[in-house]
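Once you scroll down, you'll see the structures, which are given as structure tokens.
In what follows, subunit A forms one complex with subunit B and a second complex with subunit C.
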Partner chain A sequence: MPSRVPGGLPKNADAVIIGGGVIGTSIAYHLAKKDFGRIILLEKSYLASGSTGRCGAGVRQQWGTKLNCLLAIDSIKAFQRMDEELDYKRGIEFKQGGYLLLAYTQREMDQFIENVRLQKELGVPVSFLTPSEAKQIVPILNTDEMYCATFCPTDGHANPFYVTDAYAAAGERLGVEIHTFTKACEILTESEKVKGVKTNRGTVFTDVVINAAGPYSAVVSKMVDLDIPFYPERHQALVTEAVEPVLGPMVMSFSRRFYCQQTPHGSFIMGMGDPKEKPGFCISSTWQFLIETAEAVTKALPPVGELSVVRQWAGSYDMTPDAHPILGSTPCEGFYLACGFSGHGFMLAPVTGKLISEIICDEELSIDIHGLDLGRFERGELVIEPSVV
Partner chain B sequence: MSSLLTTEICIVGAGPAGLRAAIAARDMGACVMLVDSEENLGGQLVKQTHKFFGSRGQFAGMRGIDIAKLLSDEVTKDSSVTVMSDSQVVGFYPDGTLAIEKDDCLKLLKPQRVICATGASERMLPFPNNDLPGVYGAGAAQTLMNLYGVRPGNRVLMIGAGNIGLIVSYQLIQAGIDVAAIVEAMPYVGGYDVHARKIQRAGIPILTSHTIKAVHGRQVVEGATVSAVDAQFCIIPDSDRYFQVDTVCLAVGLTPLTELLWQADCKMGYIPELGGYTPFRNENYETTRPGVFVAGDLAGIEEASSAMIEGEIAGLCAAKSLGYEIDDFEDRINRAKTELRVLRQGPTGEKIRQGIASLMQLREECEGA
Partner chain C sequence: MDKRPDKKEKEMNPDKITMICRCEDITLEEIKELIQEGYTTAEEIKRISRCGMGPCQGRTCRELLLGEIAKALGEKVGKVASTKYRPPTKPIRLGGAVKGDVNDLE
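Now for the complex of A and B:
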């Protein structure tokens, strides 16, 4: 990835994006495509240094709410043509090996039946499988204790570093100025209107600020005195040595809280949610995670137990109370939110960039996301997503 | 799941520093576990067939392998020190737990104190084809020869004329391997005269103010291009020389093996004189993370003699911090500190003295900030 050495900050800009993860860079690119003028992206460290560079990078359409399904369907289409659209020679390593979701309880199976009905209605090519049918798709699967599975062959995963780089580079070709190692410290406002951003390297005046600060979204919102129902939560992952391809799809269980995929490189990336995890910014690794994940994953995929772990790490999930993102305008004029992706912001990045640019340019939205605004929490109109790890 | 092992003091690395730390902590009465990723105890010493320089108190004049034997015999003479060889410490978690890999299995150890004595790793140089088989660290070539009895190649180009480059070149010749030349970017030879003279007597050219520009070959190293450099270390045009060799050894310095300390969140400073990132520590060799001590090359690249003395200090102080006492504690500490001072005297110790001064100053600045 090019280093994007910090240059001088300009005095004025038409929009300032705070955050150089996959969301911020996607917004920058989509805004630039609409000729929005001078667009500045601020990143306090390097691009993809936040959750993006730490994520499992899975992309699925098998969701439990209509909104999440629609957003994901649109993003999958974007991932499919991304190399071409962004002219990304290296390729984003998009692999459509499908997602195989496993149910281990009656309740989970009931939920899956409902999810599949909804997904099919929306055109997702998903199928409901018996354990033995699931084993045909993943021969190394242990089906003990399994009730059923669902499978969608067009789900998959991509390389998060490359996707971020592809958006950044395409944005830069359209004039976006990316300033790494530049931290937004303060947002200047005047009678509840955005006026500029003060950074550690100078001040930029602007009427539009987009909060794409990932785990730090609440901190950035606080800069305009806005409280958002958002909290960061540590999630850990690990990667094994690389071997011949044996696992096509991403395998995932909500009740057992794990996911596991084999990357094009041959290594296995896996992770697990921890219900005891408390909100916070801590992203250090634990040995308990190593053991619990190894146990859960090798129970479902026994041959993976033969592999050596080469690395473990952690990052932050960007949580909201209903596991849906917060997208759009705020009571502070000119201050927009693109945060709270609740552990699936990577896959929603393409559609988020598109929608936020439409909102800022006051265009008609290509998907109706009015239900995802900040106001929903006050109105009590939460859209609870049942299917998350 | 593996059960959680416990001990009072875990020493990571059984080179001269770790071995001496184990002896000192054991002498104090502490319960010690010594862990090393290799099968043989002794660290770098197990492949040093030459007679060591250093202070008399620290076995100068003895061969490295013999020092290793002496120290490990002392450590293993009774069962007071638990030795875990062939065991690599792969993780240092925030709660103080060490993850150890042994026989492809994970073991967890929660010690009350940790002494890190993991030594150093060899530096690499960036040049085209530096990943071709046949490009080695000089230490790796030495391990192949002296530990495993394997010839690393038939004709070698050595990069670096510090002590390691000179000693390994001489040992290659002793093993019947051709050394085409020694290439050194500085305008002078960095290693001791005794070693340089042996090389010159063997008729091997030492090209000062030269660097390696590229390695050539399809599957393996077949040759290398060497160029002259100016005072700014820029390559002088048209000064290329081609050497037909099948092996290139890099002896371009060592850097402290700090991975575990980063994981333990020990604060560090970048000190070129000590080999790169070096842990901040106090005079008892305790790092900024209480209960974690360091010794040896990890605390700054130096030599075996100082590594042993630092190990003595760290071992004594770690045990003392657990409440252990011996009558001659003050004597031993003072003797060790005096020996270190003596070792670092004179022109050869200047770089180390400067490095340690910078480290201490940087630490104060960081603590002040």
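Now for the complex of A and C:
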């Protein structure tokens, strides 16, 4: 992902994508694969500088709604063949060590029973485990106070910088023009139709603009006078020193709000949600996060307490009221949304790129996502996801 | 837990390598290659190569990396944007951040 700031912006393009995270680069690649014409991607900083480069990069199929399951199942298949499909020499470091989800309350256990039934129906190879069965999969797990767990061996995680880099490079080979350090400042419209994008490096005229601006999606939507029910919310993470492999799966609890995984590099990445966090763009780190995470994670995985914390950081979750993304067209003709992934946009990037390119090319959708349009909020047809950290 | 037995093994000619990042075993040659490929910001090189992501937090390699980028771009080092400094300043034991953890006097 070279720091692409060569010549100036072209005068005209067939599509302009705003945002160089994993979503924007995936859309660029998939549109280019369909020969859409001249595709420009604008990124105000460097690629993966936003949420993508800050995420836990976990990929799971264990969701509580049919739509999230279907989207994740499709994406997992894409991650499995990504090195080959995108011809990415570094490799995206996709590790399918599974996800082990822990239940600590009766209510959570009831939800898990329901989730597993749904997931099995859809073909996810998930199993319902007793605490002692869970301990067989993760020997360092402390099962005190645990009710049960669920495990899916084909869940996992990948390297978010490499996935973004892979999509960007494959897109460029197909002719996508990526302009980093180029900020979309204004979207030109004419009687509710997109006409172009004004940037700090010039204006490009186009009939199609795709909003993949991550936490800034509401700001970009405002450029066409569109209000979307979206808000950014800080989420923090930390990483330890690297040690030999001891933890196969990602371990996660919704009620205790933490997740913890060991990367192929050997380091442990962990994070935690904070119910007191207010919407906003702040992404600084706090010492409170370090303490709360240390308490939650060392309780569940005691030996991890021996490891040194090397670095702490934060990023934004891209939240919608129902924790599902907003995908598709808008009342402003030519303006498309691919945002609001609510903390799981990394894993949905492959399928999102495919679906958005199908929508823009007016093709039949490979998964029916009409329920994820912007209109659902006005219609009151929310699809609430119960299983998020 | 055992420390990482040995970091990823690389084919290296000991006469020809200059180590830039000692924590992650990143050589000058690798940095130059990445710059050649077009990764010309310190943040990108850090993310792609892990240069500066080890336990020392880039204490040695950050300046060396900025120097190499400056050289390649024909800029003054002071003009090249540094990577962000992140907490903790020195690594601390995760368990040490838990309330009620024993200290070594007990």
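Operating definition for what follows: the second predicted complex is superposed on the first by the 387 of 389 C-alpha atoms of A that agree within 3 Å, B and C clash if a C-alpha of one lies under 4 Å from a C-alpha of the other, contacts with A are read in each partner's own complex, and residues count from 1 in each chain.
By our rule, a residue touches a chain if its C-beta (ideal position, glycine included) is under 8 Å from a C-beta of that chain, and two chains touch if they have at least 3 such contacts.
Since this is a predicted model, take the numbers as computed values, not measurements.
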- Query: Is A:L290 in contact with subunit B, with subunit C, with both, or with neither (first, second, both, neither)?
  - Reply: both
Touching A:R376, do we find subunit B (first), subunit C (second), both, or neither?
neither
Across subunit A, the partner (subunit B or subunit C) reaching more residues is C
*asked:* Once chain A of both complexes is superposed, is A:S308 in touch with subunit B (first), subunit C (second), both, or neither?
replied: both
The intersection of the subunit A residues contacting subunit B with those contacting subunit C is 285, 287, 290-291, 295, 308, 312
Per the touch rule, the subunit B residues reaching subunit A in their complex are 1, 91, 93-95, 97, 99, 104, 106, 108
Listed in rising order, the residues of subunit A that touch subunit B in the complex are 284-287, 290-291, 295, 308, 312
Interface with subunit A, subunit C side, in the complex: residues 1-5, 7, 37-41, 43-44, 47-48, 50, 53-55, 57, 86-88, 91-99
Listed in rising order, subunit A residues that touch subunit C in their complex are 1-4, 46-49, 53, 90, 161-162, 165, 240-244, 246, 265-266, 285, 287, 290-291, 294-295, 297-298, 303-313
